[in-house]
Amino acid sequence: MSEAWNNDQIAAFIARDIPDGAYVNLGIGRPEAVANHIPADKEIILQSENGLLGMGGVASDNERDMELVNAGKKPITMLPGGAFFHHADSFAMIRGGHLDVCVLGGFQVAANGDVANWSTGEPDAIPAVGGAMDLGVGAKQIFVLMTHTTKEGEPKLVKEISYPATARGACTRVYTDLAVLAVADGTFIVEDMVDGMTLEELQKRTAAPLKAQ
Amino acid sequence: MIDKRVSSLTEAVADVKDGSTVLVSGFGGAGSPIDLLHALLDQGASGLTLVSNNAGNGHIGMAALIEAGRVAKILCSFPRSAQSQVFTEAYRAGEIKLEVVPQGTLAERIRCGGAGIPAFYTPTSGGTPLEEGKEIREFDGQRCVLEPAIKADIALVKAKAADRWGNLVYYKSARNFGPIMCTAAKCAIVQVREYVELGDLDPEHIVTPGIYVDRAVLVENPIDEEKMLKAGEHRKPK
Amino acid sequence: MSEAWNNDQIAAFIARDIPDGAYVNLGIGRPEAVANHIPADKEIILQSENGLLGMGGVASDNERDMELVNAGKKPITMLPGGAFFHHADSFAMIRGGHLDVCVLGGFQVAANGDVANWSTGEPDAIPAVGGAMDLGVGAKQIFVLMTHTTKEGEPKLVKEISYPATARGACTRVYTDLAVLAVADGTFIVEDMVDGMTLEELQKRTAAPLKAQ
Amino acid sequence: MIDKRVSSLTEAVADVKDGSTVLVSGFGGAGSPIDLLHALLDQGASGLTLVSNNAGNGHIGMAALIEAGRVAKILCSFPRSAQSQVFTEAYRAGEIKLEVVPQGTLAERIRCGGAGIPAFYTPTSGGTPLEEGKEIREFDGQRCVLEPAIKADIALVKAKAADRWGNLVYYKSARNFGPIMCTAAKCAIVQVREYVELGDLDPEHIVTPGIYVDRAVLVENPIDEEKMLKAGEHRKPK
């Protein structure tokens, strides 16, 4: 197998798969990179749960305004046509099913679409959920961007999540450093793999049955 | 490229299906999308459920739809007015069903439809005949009723201006139900008096972000409801 | 007994009793007259349930704009400092207990504060409630402005309302053409009467026990 | 005459009582009323319940209140950040209670507190550990939880400008929780960078109508949270 995809490569795949005209929320962390890979021929409108629609890129040093930040609290810019609104209106937008896609980071995704991304369930961890559960139930599609396995090599695509759930049956696609998978009818369907990877090899790194496309 | 603007009223309502639930903005004449309602009258969809504050005046707008036999049911807070004879006659003849909803409950049910809240408790109508058939529950000693969200197929809304993303601003008290109705319909269709360039609307001032709008249509000189009513005009399907 | 008070006189009493700085909603019809009697030394902010705060007076012919109307659908004006908002926000304001006073018209008021003002319960009447029930539960105080008796002389201040309720236990004060009454502890307390009226005479026109102040 | 403007931060928070529930606007540094929080720190109220999206950063604002032992409980969606050590230590030491609420549920609970809605059903957190102890109900096959409104004694909010009626406009993403928090508190206290004359704010653009605001206080040069954090400043009660 050749090298695993880096986060920018994965983000580019996601940007490719988001349709023109889509309204999209990008989760904090790895998913933020998707914004940098949207093809010039697509108009994709980014929502941020802290009350922004029509978000532009990360602010340059001279644009920097700490009262204009994204959900990750990084200073950003707005596009012409953007709008501000308050938090209840923002989550009405999210919960109400108006976003076409939300890209979340993930700890685990199950073959039935269950997503775990907010807590590893360790007893001494400080619980912190943010907007993940609202996005999980609200967006029409949930894409999860994550490594295929943990640092220790444990599969993150599983039959049943063992970490606390973020949302049930929500995930429709998974983008990892090794593969692109659709989640449908309780199964992971492999759409793409890194060069040289075989389905058999990928299956070894995955704790739920894979299906070829 | 996103462009929510369509070229005619006819095109704007072309695919409305029989049996659709249609939210209609407006409070009296303020914010009533009369031009869109007449386009819908001409389009021909029937068996409609209308959701609006009132039930139409004279023989235009919602009243014209009712008169043409297109409306199976109406949800509203106040179906009675000096000029609501068309509704009254249809109702007494058993040709149209009515669900009377307190105005604030109507507004909140629509907002919840757009906000992914399936139901909420409200003290409004507790201990009154309008609580009948509803689940009752006390919160802090206050008698509350459980109210379900309203979701619709179509919203017909009148606003002041739109850009190509469908961002909207409204005009004075014509705002009323427009913003919440845009959020609660699968297809929100908005007549505006003005198109503006993307970026012309200050992001601090946009009332309805374009995500809620599916189609905007330019009607620079909307029908003057008051004038039509005074003239006693009867709008029939074309 | 001298003449009954006319609606303008009653409205003036109400305007006198509304404290400076109060946020007030005036019901459609008779209560609208209160706006014309607010003393110059008081700043009272009028709300209209169709999404206005800081309403001015009725529009003159050259100010007339049918897209700027009050709840009674009459063209009005706005004061400097006024604001527009949508219907859900307007009723959040009403239901949420932010209005100090709402002045409603009434068919009946009971000594326990129950108000009936939306339906006479006639079987063939077209039911129509508008915002009365929301105002009834929401405003901190409900003043009812009505005639003391029906045209047929039937008392409208009663032990128990016989018409369908608008809101239970809501009314705090009643202003009629014959008297001003507080509603407290399940009793009507007479604060004022038209000249020459005695408590005994007023009691004859009232179907619940009256108490002198 | 209505005049919501008060002359100092000290006066603005003078009567906050021990045991109060305090809503605190802001998302990260955007919209955080740090000046009001420091005035509250100096004022001395204790046993507070804070409701905010986060749990404070460094040793300023909410973190300074926690560090001074004034906070009994916090409701928030995300108490963890690179600089939330003060909260973390107090939590691990059992000195502060935590209720983690999904961000949208938190926002809606606050909105409902201001809107007279005692409770609502939401699909958010259905089927997750955060549904524990809550009433569950299915709507259209979706597992929903019943969530109660949040009402508070005090709201501390940062806005851009106010007039004497308390009408507010906000600045960019600093809007966040401010508008809903003003509606849900018995006493909403707002720090603004600018006072404007009555009538200067366009009625179409006012975000928070003055009815929701009890006190506005001018802070022309608000504390720069980022700068204080970088400087590692420890704000102690005066």
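Chains: A, B, C and D, in written order; residue numbering restarts at 1 for each.
Going forward, contacts are C-beta pairs under 8 Å (C-beta built on N, C-alpha and C of every residue); 3 or more make two chains touch, one makes a residue touch a chain.
Being a predicted model, the structure only gives us computed values, none of them experimental.
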item	value
Of A-D and A-B, whichever chain pair has more C-beta contact pairs	A-D
Rounded Å distance, chain B centre to chain C centre (Cα mean)	29
Chain A and chain B, separation of their C-alpha mean positions in angstrom	36
Rounded Å distance, chain A centre to chain C centre (Cα mean)	54
Multi-partner residues of chain C (each touching 2 or more other chains)	78, 84-85, 91-92, 94-95, 137-138
Where chain B touches two or more other chains, by residue	108, 111, 115-117, 122-123, 142, 170-172, 203-204, 207
Graph class of chain-chain contacts, one of line, ring, star, complete, other	other
Contacting chain pairs - touch in the sense defined above	A-B, A-D, B-C, B-D, C-D
Contact set on chain B toward chain C in their complex	27-31, 53, 77-80, 84, 87-88, 91-92, 98, 100-105, 107-108, 110-111, 122-130, 142-143, 170-180, 207, 224-226
Partner chain B, residues of chain C touching it in the complex	48-52, 65-69, 73, 78, 84-88, 90-92, 94-95, 119, 124, 126-134, 136-138, 164-168
In the complex, chain B residues that touch chain D	108, 112, 115-123, 139-140, 142, 144, 169-172, 202-205, 207
In the complex, chain A residues that touch chain B	20-21, 23, 43, 45, 47, 53-54, 78, 80-85, 91-99, 137-138
Chain C-facing residues of chain D, complex	1-2, 111, 113-117, 163-165, 167, 183, 198-199, 201, 203-204, 206, 209-212
